[in-house]
Amino acid sequence: MSLRRVSILFAFSTFALFAVLVLSLLYFYRGGLFIETLFSERTLFSIRLSIYSATVAAVLATALAVPSAYALSRCDFPGKDAVDTILELPMIVSPAALGAMLLIFFNNPLGNWIQTRGAQFVFDSNGIILAQFVTTLGVATRLTKAAMDEIPQRYEDVARTLGASPAAAFFNVTLPLCRRGLAAAFILSWAKAMGEFGATITLAGTMAMKTETLPIAIFMKLSTADIDGTVVLILIMTAIGIGTLYAVRMISRKGLHA
Amino acid sequence: MLELRDIAAKAGTFALNDISLAVDRGSCHVIVGATGSGKTLLLESILGLRKLSRGSVLLSGREITNQPLEKRNISYVPQDLALFPHLTVEDNILYGLRMKGIKDREHARMVEMLMETVGIKELARRSIGNLSGGERQRVALVRAIAAGNNHLLLDEPFSALHQGLRRELWFVLKELQKSCDLTVLMVTHDMEEAFFLGDRVSVMIDGAIRQTGVARDVYEKPADTAVARFFGIRNIFPGRVRALSKSVLHVACDSLGAELTIPMGAALHQPTEPGARCTVGIRPENVMVLKTDRPSYVQENLLAGILTEILLKGATHTLLFRPAGTATVVEIEVPDYALKKLQLNVGDGISIFFKGESLFLI
Amino acid sequence: HGEEGLLVFAGAASKPPTEEAAKTFEKRTGVKVDLVFGGSGFVLSQMILAKKGDIYFPGSSDFMEIARKKGAVVAETERKVVYLVQAINVQKGNPKGIHGLRDLTRPGVRVAIANPEGVCVGLYAVETIEKEFSAADKAAFKRNLVNYMESCEKTATAISLKTVDAVIGWSVFQHWDPARIETIPLKKSEISRIGYIPVAISSFSNNKVRARQFIDFLLSEEGKAIYGKYHYFMSPEEASAWIGATKPVGGEYVLPADWRPK
Amino acid sequence: MSLRRVSILFAFSTFALFAVLVLSLLYFYRGGLFIETLFSERTLFSIRLSIYSATVAAVLATALAVPSAYALSRCDFPGKDAVDTILELPMIVSPAALGAMLLIFFNNPLGNWIQTRGAQFVFDSNGIILAQFVTTLGVATRLTKAAMDEIPQRYEDVARTLGASPAAAFFNVTLPLCRRGLAAAFILSWAKAMGEFGATITLAGTMAMKTETLPIAIFMKLSTADIDGTVVLILIMTAIGIGTLYAVRMISRKGLHA
Amino acid sequence: MLELRDIAAKAGTFALNDISLAVDRGSCHVIVGATGSGKTLLLESILGLRKLSRGSVLLSGREITNQPLEKRNISYVPQDLALFPHLTVEDNILYGLRMKGIKDREHARMVEMLMETVGIKELARRSIGNLSGGERQRVALVRAIAAGNNHLLLDEPFSALHQGLRRELWFVLKELQKSCDLTVLMVTHDMEEAFFLGDRVSVMIDGAIRQTGVARDVYEKPADTAVARFFGIRNIFPGRVRALSKSVLHVACDSLGAELTIPMGAALHQPTEPGARCTVGIRPENVMVLKTDRPSYVQENLLAGILTEILLKGATHTLLFRPAGTATVVEIEVPDYALKKLQLNVGDGISIFFKGESLFLI
């Protein structure tokens, strides 16, 4: 069997794995409940909150990731390896621990000061964004760096001989050249933020109509042993998430591959 | 005016050594040299793409050795072109203008005309990926010129073009040099190009510049044997000046078993006195073959010996000749028709003859 | 799961004594006990979905109710193991000076309760609030209310991590983290009922004899001693004595609609 | 301020963010407890279990990701976009939901069959590997695909003119050319698997000395209001994870950048 | 033997049209053509890197049109080289051998000798990234040859080499062709290279092959005006055969206001009868200038007129000439020394003269 066949087979087996998981949900599926749950005020709030906070967090994370990734990919400076390695911290320590670390941080004088002078994060919707931001920042930076690593420095150099400042060369040449990698980084960050649960629940809590994102709502359903409700919410979550990503991909395909 | 003072740079085990060069304002300086002799490295060092280990670069008298790349105002056509793959042809070309915030109509019209002249105007909206090699090269050229700098470094900018277009672009470049007051430093391996475009030519060998001068001088009066070899002077013999008059020089070449008569003016530096050591060279195509059974009408620079080998090639062929009483090999290039006419065979006794004016004194 | 071992789905709130009890039971009988801890509802979901497990041992009574309704446990086998009493929990040293229910309505006090939809300690808290507070007090309280904690133990951790100033939890919280949590007892009138932790045999168990044996062990003197060590009330009487009045054990309370957004 | 400076500043601010989180743990740190916890049998078991299962899961995920990524990057086939999009499913639905989906799957006749005939997954250490594998598979595939997308197909084509079969061209040319991306994908998968918690706890439970990975141990400590223990375990987790990654990075640097 | 039968392929808006070609076993077929004429596209189509929309490719009589790339056994040096950046020079070169599982000593020694011959043996352990342009090109060449296929497609393989080395490699290639029985199809824009290496030459213009033949024939007898233009025949005039004898042809050129006498044998296809339309061409360098005040010793092909422009260039210069009574422009190239001797000025009345044997009948 040719490489092509084998590799497509593998791709579909990955697809099948996930598809079977989604389909097996239907084992517990009840149509009426689906409609009722989907259009309840509470679910709609969760959907809005999830999309809003995931988008803000992913945008923030990507925005911060771009300059950091540039430094890691292009410059040499002492401590670079340390910076590079710590990017995996949010994954390593697990989301719940990360949430605990955030809580512990706000327990400190510094954290306290921030909370009293600045914005509330603990048990607040700001906390959702913060939790999602912190969990995605590392992976967004890592992915952006990986994308930039593949773009030869040469293009930037040549741009500079044409009169571009380092910043202009970066924005006009390197950034658009790694746009596909950047888009992948953003999409993954968004997906990760959408699904973020451990850190969010620990830092922002589970208050309905306030900090209840979709993953938290799913967890709460599960925590109340409401399996039918869980299944419905997972289906909603899947539909919204995968649907959005599919749409984004279709739209950006034209823009990116043009 | 671009000036290099004792530049040195390293790349791995390769080194550029103490290169000094001055390109006058508005002139074109050509660097020729074998592949791997460090030409690209030199351009990169001037641009700041590589760190100098020593020396300084001056632009119109101002030192730019430690200036950032974008402040040097030197445009560049790299050997690998490095066109921006995400931009269209037009956006590539306008990149420099946009970076400098130049918006005036005239400049834009000039660029458009330039695109038309080099024949890439219809490609304006195409993406870089599907251009042919020669199209790419022209885009890179126009991009560099359009940036509006007065100094231009070109690394084999016409190597992918066919003869006709290449010649046309030579004229275009000459024209632009005048109209835009361009100072050009250019690398090529095409001698014709060097002759045509180069006000001055430098020969680079093994990371050092061995000779600089007017193209014809460099070609006709190589400063040393390495340069001579580079220019295809494959017959090189050591000699000793026996006598010299106002118009000619008599050189004894033991390896040829003969004395050669060379007109004055065949070398850069004339040996000043009898007895001085010197080197004599001649291109294979300037060696004439005479069959010994025919009467010879020349007396000077005539050598008798044996034809040791005939290498058939195509339009021209190479003969190897051994002067009588020596172990030296003289290479001779003869056109196909001449070889046929001469009806030579290996082992034949023949005579060869060097025209005085085609002998080099190195 | 092996014939020999027992699989227990337990609420995380009583983890330390339950672990100790399991270990002791293992030593006594040689039967290996695997404990899956988590939120009481969460482990119930796990048990139902996995169709596995011998014993369900939630952190509070209402989950046993659900488990019974879903047929996940054998109803007749339900036993009450320990008893719990409502209280206010504050940070050690009581920095906000909270001495009673009414202090929770003071502006600037950050309060949390457990999620009344799922966690009984939250439901008890709501009952108390509904009963004791006027509409204005309730509004003030709701303003101070920053979160519904998703489980009993998270309600305690909220104080430990100083994320809130006070929670309405169980009196036993103090003993879970004595260095950081302090219990402020409620007035006896404010307490409507005594909470308890039940245990029952799972309907999925195919080792009901051993399971019975484990429950019996929990209720034996030796078992009770372990829980007693962790300051749980071992009988309704003990709890009533701590309150200073006799209150009913368990029972139903329906969560008012305004606490349950749709 | 130059781009270089600004970007390095950003890189360090990312570093600072994570470093502050780690440092604020020390607020609750007690040395004696650290040693005691670290060398307790239970913690050592958790460490071993975590490293073992994360490594197995990451290796499996990467091994499956490579051919799938090849198909997605190089071949055109119907349903490609669907496959491509579903890769984000494990992130979107949140780990706990994913765990629930796995549980539900094993509730099915098919899942049941697998469990009775094949290996046990539910509440078993196999379940940990499965949960980590499923959570990382998508991201591993996505990253590998992104890396392969940056390698021009041309090299493979030229390799084939030199007599390489498609498979040989892939293994000798494309794969080594994207080795940095592949390494990044593996490292990220490993880190993600190490920190995986939601799906693991749902599918495999929290049984001490059996399915208690480090993140689960952290969660359980937190659940019992044992803040000191939590802090110690987070520190251990951080040290092991970041230390391993740093070492891997240092060692592979020579190999990869040679 | 490589045979193309009516090949057609598309790339965006560009199309290759009905290309047929046969390269005999052991021979070298050269494709010349302007940049962007589709040469690279053609090679890619033969290799299977591009899909054909029509036609078939045969290798030694076996159809390979739908064979997978690796089964075609055709080696390739792409214009952009496409060296594997992660491998050393040596590993690049041995790639083909390894893929084919060839392990025999002799082949390995042959490859080593080849590396030595082209001068890249010392680079063996270097990585591709730090080679010079010419070094890369040689590595790509050796890599393709080392793969051991009998068919070789070369896309401007010597464009980055200096003259000396380039000529050396021509010989190397010729030698290899014989010793390894190589069938070579090669693209170049260097006419000298085409003459030297090409047993046959094809001229490609706008995606079609316009003429195929022995190099000298193609050069001297262009099949149509496009080919003529490509070969630098810039003066092209329509005419009509007035009379023809056994040895010469009399063509009336109205645009020149004169009748030209052309020897027979100056065209591929002779017009067979008087009155037939034809086209006459001549290279600018073959137009002779005579000052009208000097006595002329030629009578045939002599035109009187006015010098309308002098374009100074360098070694040679271009003059524009208008034959009396016409609006036609004739381009003349004269060497620098000739121009100086003639002392011409714009507006001068001069005569020009075409040597019969340098006139083309197209």
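Going by the order they are written in, the chains are A, B, C, D and E; count residues from 1 in each one.
Note that in this section a residue touches a chain if its C-beta (ideal position, glycine included) is under 8 Å from a C-beta of that chain, and two chains touch if they have at least 3 such contacts.
Values in this document were obtained by computation on a predicted structure and should not be read as measured data.
K.L.:
Which chains sit in contact with both members of the pair chain A and chain E?
P.N.:
Expected: B, D.
K.L.:
Quick one: which chains contact chain A and chain D both?
P.N.:
Chains touching both chain A and chain D: C.
K.L.:
If you tally contacts for every chain pair, which pair is highest?
P.N.:
So the pair of chains linked by the most contacts is A-D.
K.L.:
On a C-alpha centroid basis, what's the spacing between chain A and chain B, in Å?
P.N.:
Computed value for the inter-centroid distance: 58 Å.
K.L.:
What whole-number Å value describes the gap between the mean CA coordinates of chain A and chain C?
P.N.:
35
K.L.:
In whole angstrom, how far does the Cα centroid of chain D sit from the Cα centroid of chain E?
P.N.:
Chain centres of chain D and chain E, defined by C-alpha means, are spaced 58 Å apart.
K.L.:
Per the centroid of Cα atoms for each chain, what is the distance between chain B and chain E, given in Å?
P.N.:
One centre to the other, that is 23 Å.
K.L.:
Could you check chain D for residues that touch two or more other chains and list them?
P.N.:
100, 104, 107, 165-166, 202, 222, 227, in rising order.
K.L.:
Multi-chain contacts only, two chains or more: what residues does chain E have there?
P.N.:
As it turns out, chain E has residues touching two or more other chains at 80.
K.L.:
Indicate the residues of chain C shared as contacts by at least two other chains.
P.N.:
Where chain C meets two or more other chains at a single residue, that happens at 42, 45, 49, 151, 161.
K.L.:
Which two-chain combinations touch?
P.N.:
A-B, A-C, A-D, B-E, C-D, D-E
K.L.:
Give every residue of chain D touching chain E within the complex, in rising order.
P.N.:
That would be residues 154-155, 157-166, 168-169, 172-173, 176-177, 179 of chain D.
K.L.:
Sort out for me which residues of chain C touch chain A in the complex.
P.N.:
It comes out as residues 39, 41-42, 44-45, 48-49, 63, 66-67, 70, 110, 112, 115, 117-118, 145-151, 161-164, 261-262.
K.L.:
Which stretch or stretches of chain A touch chain D in the complex?
P.N.:
2-4, 6-15, 17-22, 24-25, 27-28, 64-65, 67-68, 70-72, 74-75, 77, 79-98, 100-102, 104-105, 107-108, 110-111, 134, 137-139, 141-143, 146-147, 149-150, 165-167, 170, 180-181, 184, 187-188, 191-192, 194-198, 202, 214-215, 218-219, 222, 230-231, 233-234, 237-238, 241-242, 245-246, 249-250
K.L.:
If we count contacts the way the header does, which residues on chain E are in touch with chain D in the complex?
P.N.:
Of all residues in chain E, those touching chain D are 47, 49, 68-70, 72-76, 78, 80, 82, 84-86, 95-96, 99-100, 143-144, 147, 149.
K.L.:
What does chain B use to touch chain E in their complex?
P.N.:
Checking each residue of chain B against chain E gives 11-12, 32-36, 39-40, 79-80, 126, 130-135, 137-138, 156, 159-166, 171, 174, 189-191, 195-197, 229-230, 232, 313-315.
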